[in-house]
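What follows is a pair of complexes built around chain A, which joins chain B in one and chain C in the other.
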Partner chain A sequence: MNKNVYFGLYLVVAILAILPFVVPNSFYLDLVIRMAINAVIVLGLNLLIGFAGQISLGHAGFLGIGAYASAVLPTHFGWHPLLAMGAGAAATGILAALVARPIFKLKGHYLAMATLGLGIIINIALRNEAQWTGGPDGMPVPAMGLFGFELTSDKQWYWVVALLLSVSVWASLNLIDSPFGRALRALHGSEVASQVVGVDVVRYKVAIFVLSAVFASLMGSVTAHYVGFVSPNFADFFHSIELVTMVVIGGMASVYGSLVGAVLLTALPQALATFEGWETVVFGAILMGCMIFLPKGLVPTLAAKFGKGE
Partner chain B sequence: MLAQFLQFLFSGITVGATYALAALGFTLIYNASNVINFAQGEFIMLGGMLAVYFTQAGLPLPVALLLAILIPAIVGVLVEKLAIEPVKGAETVTLIIITIGASLVIRGLIQVWLGKNTFSLPAFSGDEPIQILGATLLPQSLWVLGVTAIVVIALWYFFNRTLQGKAMLATSYNRLAAELVGINTSWVLFMSFAMSAALGALGGILVTPITLTSYDVGIMLGLKGFVAAVVGGLGNGLGAVLGGLLVGILEAMGAGYISSSYKDAIPFVLILFILFFMPRGLFGGKSTDRV
Partner chain C sequence: MSMLEVKDLSIHFGGVKAVQNVSFNIDSGIVYSVIGPNGAGKTTLFNLITGVYKPTTGEIKLDGEAIHGKSPNQLAQRGVARTFQNLQICMNMSAVENVMVGAHLRLDRNLVKAALRFPGLKKRDRELRNEAAQLMDFVGLGQYVETRADAMSYGALKRLEIARALAMKPRLIFLDEPAAGLNPKETIEVDHLVRKIADSGVTVVLVEHDMKMVMNLSDRILVLDYGKKLAEGTGEEIRKNPDVIAAYLGAHA
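Right, the complex of A and B next:
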């Protein structure tokens, strides 16, 4: 890894440090927080899609497990929010591992199908178990607190989320350059070749899938506490697609692409609100346009064009 | 007991026939291009919605239905020409997102044009239910099953007995080899999208008098069609039909005997089980990797 890569990290940290002093009002602060939360989720998902070359169309289901663990366990059972968050992450990890082992012996579309099915089943369960989850209407989430201190204001949330994002960028950069990351990239390049040189393909794929699912679950909990409310839409198929789109539009296998993708697609619905009624059409057209003209995603395409590379 | 079972079976086979047509659409496009077309469900929706629109506009039923099949076929071709062909050979995820983008555009346009209401279509030959061993069967169900059966036979004939059909099959086995013997593979791609859109639209039209339609019915119908295609072993035409019927029947049985609120989850539970225990689907062949 050269210094060039860490330069990006310093830039991200610098921007995060300056941002709260330049955003004009609380509306934009809220938008920035949601961008940062999505960026962390997308970083995790990009490890799976971009670096390991596996598709998950059910990631919102994992977000949902985390979010609802943080809503249901403290509300109905009086658990501490941190404990609930951990329990959600553990449950997600176990579920992902159970599902992943048989599925990762398959490839391509079968994997997309299995993760899609899993996500939809989770979503339907959240909608139907109304006595616990509030059904389609969703339910409020108690505030996150530690040692009598409660996270309430947007400013406090901002610093928490900014810290999470910086750590995630740093961790992703290091992970990619570790033996684990190199194994992932190898199996993306050629599974057979990496098997031949001794990479346990299934084990690595399961590991990265579980890791990104747990990432999603934790950030689901964070989102739930930040917004103070969860609804099944948070865990639906469309949200899964949005997350995958963030990865692909920003750039597969690009850490900074994940950030760009998350920022753009979180802002897009706000920008489209002016198109009254035409949002879906415009959103769909933008997705198609990006993929047709920039199939590698924004950051890698631009990086190649200006010859800098990441 | 028997009456109840038959009742669930009838409704399962009827819905299953629609899934079968959608699954055939997935299979056609997958064979021609290796693309999973996530806009398939929107063709089902388009068929139903356009049929409603044209009949309400006063066109005679056969003309309305013909238009409601023809227009989706043209939309399918447009999707192929404008969005799929320019990115030949792109990564799977990229193609998936393009087809999802296409589905959003189609769904959004219909929502702007025809609104968010739920519509119905009059049954083709009356609503007088037929009594069979205590269960009732709607005449429209016979239409669904009859037309699906005719379509399946016609497709079989097309792929096994005509030069064009064999050209499409050849392309699905090996595109390069097909090109070498002079098959116009971009025509094959064109035909696959037109045919699969028409099949989806046909299913959508046939089932609308029973299940109603609105701008957003395509998502679930399409995903279940995808499940059916995978159940049958992706790329296998006969498998897709059997997969569609199986998914429809299990869904109806599950809704009837287990829990109607988990009806939509049943196809996805089924697919997870099948992938765990029979990873190539029920009728898929063995795969080998070429290094």
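Right, the complex of A and C next:
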């Protein structure tokens, strides 16, 4: 791990500090906020996929749990939004641990299947429990109050999300270059080698899976409050795939790749809107091109090309 | 009492009896070699003792405590280290990080402290990096500290595995063909390295095909053939054993 790896963090913070003053209008501010929210989720997911070498195809489900906890608990039970957010994160963590523990005792790609199923179950549950969730139509989310002051304007949300993103980048960089992070990368590199030096492989896989699920849940809550509305699409299977795609396009096992992947894939559908009906085709073609020409993802490929390394 | 006691150890893979009723003891502080033709069950024996495989029947005791059926990470906690015949290097990490992983159990592995960059953790990591660099020096890889593992030669990676195992500060180390695929000069270096490790007080168990190296280093030798114990004894005894000569060493030895 390079010593100047934190240089990128300063750059991210600087960009985040300048952005709200240079974005031309509220449409772009909204886009930037959604990019930053996705970036935090993708950071967590990349710890799981890129660093630990495990895959989740159900992360949107965890996001959905967080989002709906923030919608349902304050609306129907009068919970404080922060408490609801915490409860959503805790529920997600427990669910993730319950699913992951038996799965990780098996060898192979069972986690992909299990998370795929879990994501779909969560989505169906959100659609069917209409008396609580509003069913397929979704439901409104009360505003987030912080210390007696309500978060309403996009500007306020921007600073909250920018802070969350900066802290997440910092924490991810710290984690990777620590005994915990090295154990994660080692079990990806060689599971048997990590075992014989004493790494309890199942425990580490469960821990990072739970952590990334909780990341997704928390950001699901943030999204719910920011948008002011939740729908089962939050927990859609295609959203899970989109998140995995962000990891892969940006670059596996690359913190800054996560950011680039999230930014690009959040912006791309907007940029392609001019293709009217063909945007999904163009989108797919771009993804294919990326995988053929930049199989390691954007940031690692470019970093290797310019000889800097991350 | 011997450090490691193996009694009637067997493992079957379907109909294949890879190791059958093998018994031996290893005393603390010696170099113990396991030899035998390809497919004799040497690596399987290593995998059994280090917890990668669970034995079908038999016992393994470390310092009198039964350890068969324990997982590799539990054995690591008891000071058992190993290297692999087919390299098991984490190619996604730098050379020095591979060695640092070896010290896993001696570190504070707390996730929250790591994410929040606790100063104590960072300080320990810096010390560890120096320690790992010294270990790389010890195995003759001093110039590769910051190199990515996937940019290193086969011979260097073989020794990197040894450095990683030593970072565990083991009491017992299993080396699975440390000289396989190395040129004569590298083989002599590994020979010296194994001697240095043994002299530092670590009990060494060695699987190796290079007979010169085995005869040079070993206090005792176990000969396996078709999963069975063929002979056991000092180098001299093994050299003269007619069964061993027939099965393995051939007429030249």
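As a working rule, the second predicted complex is superposed on the first by the 305 of 310 C-alpha atoms of A that agree within 3 Å, B and C clash if a C-alpha of one lies under 4 Å from a C-alpha of the other, contacts with A are read in each partner's own complex, and residues count from 1 in each chain.
By definition in this document, contacts are C-beta pairs under 8 Å (C-beta built on N, C-alpha and C of every residue); 3 or more make two chains touch, one makes a residue touch a chain.
In this text the structure is predicted, and so the values were computed from the model without any measurement.
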item	value
Side-by-side fit of chain B and chain C on chain A, or clash	fit
Contacts of A:15 with chain B and chain C, given as first, second, both or neither	neither
First (chain B), second (chain C), both or neither touched by A:90	neither
Chain B versus chain C as contact partner of A:271, first or second or both or neither	neither
Contacts of A:99 with chain B and chain C, given as first, second, both or neither	first
Of chain B and chain C, the chain that contacts the larger number of chain A residues	B
Which of chain B and chain C A:163 touches, first, second, both or neither	neither
Touching partner for A:198 - first (chain B), second (chain C), both, neither	second
Included angle at chain A between vectors to chain C and chain B, based on C-alpha centres and rounded to the nearest 10 degrees	80
Contacts of A:171 with chain B and chain C, given as first, second, both or neither	second
Where chain B and chain C come nearest after superposition, their Cα distance in Å	7
Those residues of chain A which chain B touches in one complex and chain C touches in the other	192-193
Chain B-facing residues of chain A, complex	49, 55, 57, 99, 102-103, 105-106, 108-110, 112-114, 116-118, 120-121, 124-125, 128, 191-193, 237, 241, 244-245, 247-248, 252, 277-288, 291-292, 295
Residues of chain C touching chain A in the complex	50-52, 71-73, 75-77, 81-82, 84, 88-94, 97-98, 100-102, 104-105, 107-111, 113-117, 121, 125, 161, 164-165, 167-168
Residues on chain B engaged by chain A in the complex (per definition of touch)	30, 36, 83, 86-87, 90-94, 96-98, 100-109, 111-112, 219, 223, 226-227, 230, 234, 261-262, 264-265, 267-269, 271-272, 275-276, 279, 289, 291
Of all residues in chain A, those that touch chain C in their complex	1, 170-172, 174-175, 177-183, 185-186, 188-190, 192-201, 207, 211, 253
